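Just below sit the structures, each encoded as structure tokens.
Look for subunit A in each of the two complexes below; its partner is subunit B in the first and subunit C in the second.
Showing the complex of A and B:
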């Protein structure tokens, strides 16, 4: 005879290999909405009108062509640092050092732009300077890569700590010495030397948006192509799925680690060069990186490590950061830290929502439990 | 004592247990016999609270019970000992034994605990090194600790899942004596096995399972090994595997290893001077109890591990320091025993896994891979919805077919195969053996490593027995002395 189910929970949670396509759209949207609702509660507690605040954010970030251009300008370095973090994480390497690599990208780009770039025509000079920035980022991650590949040194620690070294080194170059990076023609607070103005990235119309945004989008496409269609990308997927299988099939894990980290560092370095050439061409340590590298980790997580997701999440975070500045200067100022709260809540909900996607939730109608069953069979 | 009525459990499309009835009595040893995939372990997992049956009831001493989880079952006197002891390596034997005991006092009086452990040890002849860390113990000792852990909590029903799989023959004898003394003390013992000899040696009653159903329940004394085998397989068989026939021309040595040495570590035995030569068309079978250096030898031959000293030559080229690439470039195929994580990347598609070893070394071409995958899926009978299915979702037999398809379709000159049929059903195992035989006829030099002695004896032309990282016995199959093999495996050979 059949005897009824005895589950205590009327909901069954089962893993599933793939989610239906519509869910992949609905769940992230629902996650973002939920995050906004939670932040709204917080805002209401501080007696702000959440709707008003959100409307203001939307108006500032997307409401006008200039606002939107500013949003994209802020998103540009975030796309690149996000890609840098995500690329390394595709083989479970944590590059927390995008901040430092970005600074070294800017240092290298300044150096190149000041001495060599100014003898070149812009069509060659600009790409070469950006390339110099990429090499700067690579240089700064090389030590991390070497330590990881050769001795298994934890890359989280080394990449993180080198950020502080990079920041302090940049202060030494500009504030602490009369190095060629310091503009000695100016008197007063030390500032960095300016690269030739024709090396600066052309702007779109009268906005602050510069061509760097398109370079970042091209980089995202390139990362997509590498991951999807090249041997390197394939090897990375094998490595991510099972390092043992990678070793078994003939991958040199040390060499792969170095290659992936160098590419990751070069993306962050490119962000540094673009920030330099897109925002005035003058490298001054104060607030240059301002957490762009760390925010890259947030962007990568929010973008679920996919190039398209990273572009979208960089634009969202760029919008929030831009709008936060405006909100602070409103009649009833909202603290700038609201952008951090939005960031954190978004991450929780989007990453959490994505996790739920890999499970199926099924409602099971409760049936009669064992106590309700007849006992005539207990004949032992 | 413990009675199961009409237990059923379904996993997706597979009905793992179909209305299984079982009665475990006090003072008795009940063997559950069946092939891989017959549903033995599923049954035990339901009895021990790990799985919840879809339908059916459990009765303990005539009363309907429902176990929430294994600790709940253990609290009511039903304990299970798994094939691989689940111990915490960094804890001592006695710490492992008391771990998870809800009645543990706040202050741990180790002298008292040790005294109790020792009295249990003496009573049941379970010798373990009290005070040693679990990580230092041999597989047999670990299992005895697991048994003690269960006994420490006081059980009326003891479920043993393939307890002899990791043991050497002498340890098996000891385990059987111990099981006998449990039964004498009034415990109801259930032992899961697929070895007939063990059923005959230790059990009072035997339940034979096939395809999730109970095929036969009979007192052991009233049946014969042959009758049980028939019930288990479903048709009478003479041998588990038939010997590969066919005219095979043995040629020159293709794979040569000289004096391989790798130092031993805490986790594994090393290699202490192993020399072997495999000729084309020859299968060299490596037998031995698990953990005597077989896996390491396979890894060294295929370039995954670089030996401390000694050399490996494939087709006359030294590949010793060249890693996997050098070995593969000179015609090596390798089928590792760990299929899902070493032989395959579980998150990648079947098509991607079929080109894994080629694509990593060169030539990444998605559309060609797709075409090739379709052909290999067809040729090797891989049961899968399509080449884009994630490999990790495949069954054991199909995983092995994917690896075989990849490694054999390249027509390797040297093939290293490790435990090729472990966990496979008879039909899949037969397929694997046929493929190995076909490759031998093509003149491939094959090293076959298996813990299943019968498999080695059925396939190999030359048999080597490894014991503690050295060759304990080596012979051509025609001159083989079964007794010598047994002695060499247990370290008592010449």
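Showing the complex of A and C:
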């Protein structure tokens, strides 16, 4: 393509080993601000007043104890799916299948809760049901892990395809068959069977917030401890900075891949079990996961893959998600999809902003650069 | 199975496979330049609703399709800015754009929920050829998108393997620093193919909404086709013609669903048939990843790696 050199990129991008500390604070804040500005444009297009909308989101999410409790309730699964994505990404594995693992966590928890949980006392029954959820998530990522470890099958595509399979399978269980997951005592639109009510997670006061939130926070602490203070965490750091060094020091990369992905899947499965036991104990395929797995990617990126950052960003996105539900039912309803736009814009700016941290951008004055040589036209 | 059912199924397979061909070609071109774009699913959704909204507003199908293509090109351009200029991780950038594009599509589509399109695209019967028994109805009574996709497959095959520009494209995807040394503008090449790739995904979305789905439903309009297109590019070993064949196999998997129901095979759960395209993709990825097959087909060597002149 010989159009000639009409444009010269006047900016030099140079890698830098460490970013100045002030930039680490400024970049995320600037990312969030820019995202708010872009979303404001979208809102203005549909003739909403962006400032009013943002104020309303703030009021709904943080303005009252009940609102705040709802925010934390929405944040609960996001903490776990965020951890699931981040844990795998610590060794550059992409688990895009948190959505499907979450669904299988809920399916496994329902199965366990309906059959075996009934005969157990709640102090044992609840943890066991949550554990069943974790195994459900592990089960659903097992094929992905096996394929990646054994044959190097692209885990992005396999984990993602399995999301669709999981959603369709959950419809089969409840709508398409008379499986034990379907509540056959009710006539009308098929619904899932309810686990025994004593298995449901206790709530805090009269709010909707349940103990699942604390389970999620404990999981975040556990992930932190694993990453910082265990042999596995150390191996993961070595693997991340140099796969070759890890290989030569005798780390079995395949085994590590499997372990990391199984843990990742179990976190997403736990999210499914908690969503089930924290929100009424009935599994229904319609919108059960509703993008929680994909939002986990945003949470992980926004939280810069650290457990603390993930908890904070899950609360932020939980606030938006929760407020979007309220805004949708106002007199002048705002489309619920605004929460996905917020997520999408936010992650775009976070991804772009990350470059500012790892590269220095320098403006090159035009005259200082070497003058472009006149190019000979090729004869072809 | 009587012949008319067979003919209808095969014709339907081609119709259903064509959006995958279009979006897959875009992805293929981008990947040949070293750009992995995971936003296809979202881009198709945005292309679909862009087309839909424009047709509802103006009743002009050509304008609508153009709007869909433009939306796709916009997402492709954003991906280029992030992954080429900003050197962001391409996987993350693609996923970010997938979420962003789906959000924008849903936002635009909110007032159009479950409404049917005012004007769709109907099949064009090619004179003489469409009268050929069996082959005629299968191949030559299709929408314009099918014919466009054939032209594009031929064109890209020729472009990639027989032209100077195609050689530059391959060089940029395989070994950008060598390409740079011989005077190929790596950044510009990657920008161009990322934008073209996005535009083709937008065209795929436009095809879906005007021919196949014809009503707006954020969940069901694209429903995984974009991801399947990405998987198919791997399956097709980055070759356009194989992509075409692969997409038709998937179209067949989708259509068999309807055919089996029409023939009264009720005992096969509909859900199992709906899972088939995804299960087949997974199986294909497993088969391809095994052993020497992978070495023989070879992905573009610089796929997913940002190019930085000073780091070579």
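The rule we apply is simple: the second predicted complex is superposed on the first by the 336 of 380 C-alpha atoms of A that agree within 3 Å, B and C clash if a C-alpha of one lies under 4 Å from a C-alpha of the other, contacts with A are read in each partner's own complex, and residues count from 1 in each chain.
Operating definition for what follows: a residue touches a chain if its C-beta (ideal position, glycine included) is under 8 Å from a C-beta of that chain, and two chains touch if they have at least 3 such contacts.
If you're wondering where the values come from, they're calculated on a predicted model, not measured in any experiment.
Between subunit B and subunit C, more residues of subunit A are touched by C.
In the superposition on chain A, A:251 contacts subunit B only, with no contact to subunit C. When the two structures are aligned on the shared chain, A:134 is found in touch with neither subunit B nor subunit C. Residue contacts after overlaying the shared chain place A:216 against neither subunit B nor subunit C. Contacts of A:238 after superposition: subunit B is touched, whereas subunit C is not reached.
When the two structures are aligned on the shared chain, A:80 is found in touch with neither subunit B nor subunit C.
In the superposed model, A:319 lies in contact with neither subunit B nor subunit C. Once the two complexes are laid over each other on the shared chain, residue contacts for A:157 go to subunit C alone; subunit B is not touched. Of the two partner chains, neither subunit B nor subunit C is touched by A:263. Subunit A uses residues 1, 5, 375, 380 to touch subunit B in one structure and subunit C in the other.
If you check the complex, the residues on subunit B that touch subunit A are 3, 5-6, 52, 54-57, 59, 62-64, 66, 304, 323-325, 328, 334, 336, 338, 340-348, 352, 356-357, 359-362, 364, 366, 390, 393.
For subunit C in complex with subunit A, the residues that touch the partner chain are 38, 78, 82, 85-89, 91-93, 95-104, 106-107, 109-110, 164-165, 168, 183, 185, 187-189, 192, 218, 223-224, 227-228, 230-231, 234, 269-272, 274-275, 278-279, 281-282, 285-286, 289-290, 294, 308, 310-311. Across the complex, subunit A meets subunit C through its residues 1, 5, 9, 13-15, 42, 46, 94, 96, 143, 147, 151-154, 156-158, 160-162, 164-165, 168-169, 171-172, 176-177, 294, 297-298, 301, 335, 337-345, 347-348, 350-352, 354-355, 359, 375, 380. Across the complex, subunit B is touched by residues 1-3, 5-7, 17, 229-231, 234-235, 237-238, 240-242, 244-252, 370, 375, 377-378, 380 of subunit A.
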